[in-house]
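Down below is the structure, laid out as structure tokens.
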């Protein structure tokens, strides 16, 4: 009898009622004009969420991982050099994808818990006087560690070096939840998925391409058909799709964008920050540490929390599911077994965040961790109370 | 952004996913045999939930209030005497209904917070040597005060007096959540609604009639057509309905009964008791008092909680809704402004109960009540932890 | 594999997608202000659909049958005289209800297939110089025979007689589908249900009371509590409900009213007329007769069709269901076995009407009726083609 | 008011109620054991639908087009030779994909309307004594022309030539609707999508790999990450997914497989054949011709119908949508403007097929085509009547 418990994984998020209905559509003819009335506002809505007026948006029936491949295969050729930092499981996987596509990756190994070292990027880019590096890859929010990187700083590093490489940003767990500025930060390809800030089920890779990235297509020789944005561009111009589109999900993107924009993106970001900060207050009250090493890299969509030495973070996650019917995230890669994660993105309310915090407390007490029942809850409650006035905006 | 918060009102309950889908049906022909395949198991399921093998079940497109009227109008005539205790808003309303139908009610005024005084009933019934009293009305669980009455004791009082009156029981907020035994307790008409223990939206008055109650129909002269169980009996025998049935809701009753019976009624009652006890531990940790005056009358579906003198319980409810998007129940009638209510029936989990308790704490702190943040949560957590093993049965 | 076939019963109708979602709501607190934001526009919407500015609307969790009882029990007293015509199963049942409530019914027996004989009413009313008749009952659209009556003519008969009786109209299968004018026709109580013109599942009795009907409440002594509009009036003034409201269905009424009014009531009526006329062209091409004796009484929501002598209309209905998975309506009462019914109300399109007509042809051919395959379809096609331009208005 | 009209496009199909609910799931943790309880039976179900016991099934969040790419990129290397016939738009596109991936395609140009010329394949394969051809591509059912090819014959051609090439079959619009035998026909990669025979929305590319195809992975050097079945194999062995899975759709595959297998695949095929044959009888009665040149290549999922010279098939489709709210398919590629398509796959019933046929008649009459109203309907009715007994199996 626990199916109504919210999930506390860092995506897919809990589904807002309105979006659940938006995607639950009877079949329509995707070759009829009705489809254009869904596709066009969906694309326009995503542009606004990405804060781009110059870029173009492409939606692929796929996941965020495919979005990485869309970025690479449309703009690069085998043997091309790219620059990336490895500071968590998702940056690691993107690097792996580059290598499997025959790209030559300059990897900046970075402590898991730190953000992208923009200064190190600057040095490397300055040293690349021949401009062999064709693309810089940046993971905006490392979902594995709850670490946010400073994309504006990466852009500055590129500009300071006068380097013409493209800037690809994985915003899978940031876009629509945390501050993201495609045009202002000079992002050439932005990647996200339907199941995070857009609060939908997985099934759409969402990508934004700058004019410069679109220009790069001509020279790119990595093979692609399903992920070829030329086919998308051609079809979009006729309000159609190069293959059968998932109409319901695209309608979901339209409605989700409307929701986010009606609430106001800055309000959406503030709301996420408020919920996240409550979770962090709880962590602090428990005497535990975040993977994220400093406030400036704290993620507002997910917190990865170290358990004390001698305890197994995977047990926390397993026990929570089995005993209380609550899903937290396990640690991944280097922090597997050492940390567990509380996802707090999407429409999660303060009230539901408290149920997650309370559950984590019960679980840790059950497993013998030195955590006082109610302590984290009280810290979070205090934060939510202090910040409650005027923060309960209605978006759905 | 609070639409995913659970409600903590004492019904309608939060809708289980499975039931939400069970009632969301395309239109079928209710005069076709398909309807019988829904109606029959629904009636059979309710019989099992009521624990009756001798009685018959009738479902009216209406609410629990109508169920009271079904009981009265099918068995009584204007001028008939009935006996009832007034110990809360819902018993008060049933008495009012009797009076509006021209019945002569012997009212036993009872402190709100106490259960039905079976000994007082015994005296009155013994005194009624001419058996003028045709029916005894008993509210099993006073939703307004969170007070459970002892129906077996009422039956004993009747039996001890050798009194032939019919026994009508309002089980609206008990049946399907708390121990109820129609045959064993000699209940002649049992009344409930779809939106409580059956966890559905409102829209069905559910009644169970004993053979003796059915026999009483012949003499009853209160006018009735829509609520006439003779029409129901005639139609049911042909797997049909006397007017257009709400097929989706009836299908919901079928599926809800299956869920409750698959879990096991005793397990359902234990589950409710466990959740309720956590709430009561929290109330105790807060230093507050329940309306219910002693553990033997504590309700496992709703707790009515007095706020300290000088505070307004309605403000608690209003502030919770406005600031945190959480619905509690206000006090009604005599306890209006003095108590607020936390509903904890249906599929509410321990995890979600904690979010309600945590919210109540924030609200009370905001309003200046002397309640320590986290205190009630910690008490409830302790209870839920201690009782967790083996209680997470899966019914949906 | 036939669950997607539409139904062709005269209500409940096929559910429009938008309404299905409108009623599928998570639980909200019906005592919170959110409820008022649903109830108020629902009541206002119904007033517009009824074309009344002076009347008040009351919604009961019940069915249309209960609406009849609401009309009677709120305005009349046992022994009161009422006048009614019996020309079909539903007028028959309303008369039966009157008698079971102790009313004295003057019954004008009318051939099933004819409308209410307003001239006969006029005579009777003129003869009732003492104004003993307190109410005139009129079934606007006899769902059993597909016969529409002229309510304006009934009103004229009353006015010509200078008779002060109340006029009650059963508009269950007309309101929201066929022309209905509460104020203009001087209707005192209008009755309908959620499952016909409003295209929702059953579960709400919808009633409109004129000021004169409301005034009559004071003297009415028929017992009532659940159906007492005084409790409704008191609660509505506080944006609340006298008992637990079916919030989802009420939200459905709000959205359905919006749909009907956005399309325009006259357009809705025209749309129904066009679909109905296609069905009638088919019946004519088959060489069969309608129960309705002349075009001026043809119903635009349901057609009752006589099968030739020697054939059993119930077999038509049974065979259609069993062999083709399609639901038609059986004949009721006097026309049982002699006629079957094709319901064509709600959002049924011309295209789906053709599937019903085509199915009826297959069924009749299977059973040996002298009907040529494709003949009725061709006649209906011709009508739909001729009337197609400009009729495909979009309401959902 | 036409949203309830079924679509007559050759996929996505009309959604069965049961499947619509199966995919509409609240978020679950896809890293929890619950996911395995959905994934495993989904994979097993697809294997049974493909009729393979030796092969493995892989589900990609993507569309059928991606399934083609999965086949190519996991087994082939740039420069590899493949053999394919071009006899319609979809075989054309698959060939185009091969070329964009640097494969060397031997194209057998085939009249649109004919099936794959297995004898021509045999010659070419026999001539390829050095076994340069690595794969033979076969489109089982050309959705563009309504032409079925004989895959068993292609396999015989390969075997007769003693040729070791892999056999890839596009079964997008055949699998789950028409006879398909992966093991028996020696299919090495079978490709389909969720939105055809599985009756779900688009969003999943469904592929089956034979052991031989899996063996080929090692040598294949086409770059791939998102579509790499090695990652799928690794994850499936742990009941997980290499990236975020669309849990709802996968649950849909599970339930859809159950539905198809419960009905019995042969019954499913018979059902499709019966519906299709009715459509073909109508076409014949209209005096029109199918693209498919002979009964042995007639598709049971879609019929492409030539309009007479001087008429524009696109107008048929456009007018149907605009005037009657019904979606047919346009002709594609070589038959654009010359043919329109009626899709008849999925759970379409005979009754609904008749509404599509009736609509096509109205449209053609409106546009001046020499088609008699009711003529096609009558022919189809006759077929449906004759074949009705025992064919109405219940699968949902």
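In order of appearance the chains are A, B, C and D, and numbering begins at 1 in each one.
By definition in this document, a contact is a pair of C-beta atoms (placed from the backbone, for glycine too) under 8 Å apart; a residue touches a chain by one contact, two chains touch by 3 or more.
It should be emphasised that the depicted structure is a prediction, and the values quoted were computed from it without experimental measurement.
Peer 1: Please identify which chain has its centre, taken as the mean of its CA atoms, farthest from the centre of chain A.
Peer 2: With centres defined by C-alpha atoms, farthest from chain A sits C.
Peer 1: At the place where copies chain B and chain C touch, is the share of residue numbers found on both sides over half (same) or under half (different)?
Peer 2: same
Peer 1: Between chain B and chain D, what's the gap in Å when you average each chain's C-alpha atoms?
Peer 2: About 54 Å, centre to centre.
Peer 1: Quick one: chain A and chain D, Cα centre-to-centre, how many Å?
Peer 2: 35
Peer 1: Report, in whole Å, the distance between the mean C-alpha point of chain C and the mean C-alpha point of chain D.
Peer 2: Inter-chain centre distance comes to 46 Å.
Peer 1: For chain C, give me the residues that contact two or more of the other chains.
Peer 2: In chain C, residues 3, 14, 17, 24, 26 touch at least two other chains, as defined above.
Peer 1: What part of chain D is in contact with chain B in the complex they form?
Peer 2: My answer: residues 17, 21, 24, 26.
Peer 1: Touching chain C in the complex: which residues of chain B?
Peer 2: 3, 7, 9, 11-15, 20, 24, 26-32, 60-66, 68-69, 73, 78, 96-97, 100-102, 193, 195, 201-203, 222-228, 242-249, 321, 327, 329-330
Peer 1: Per the contact definition, I'd like the list of chain C residues that touch chain D in the complex.
Peer 2: It comes out as residues 1-6, 14, 16-18, 263, 271, 322-326, 347-352, 354-355, 358-359, 361-362, 365-366, 372-375, 377-378, 381-382, 384-385, 388-389, 392-396.
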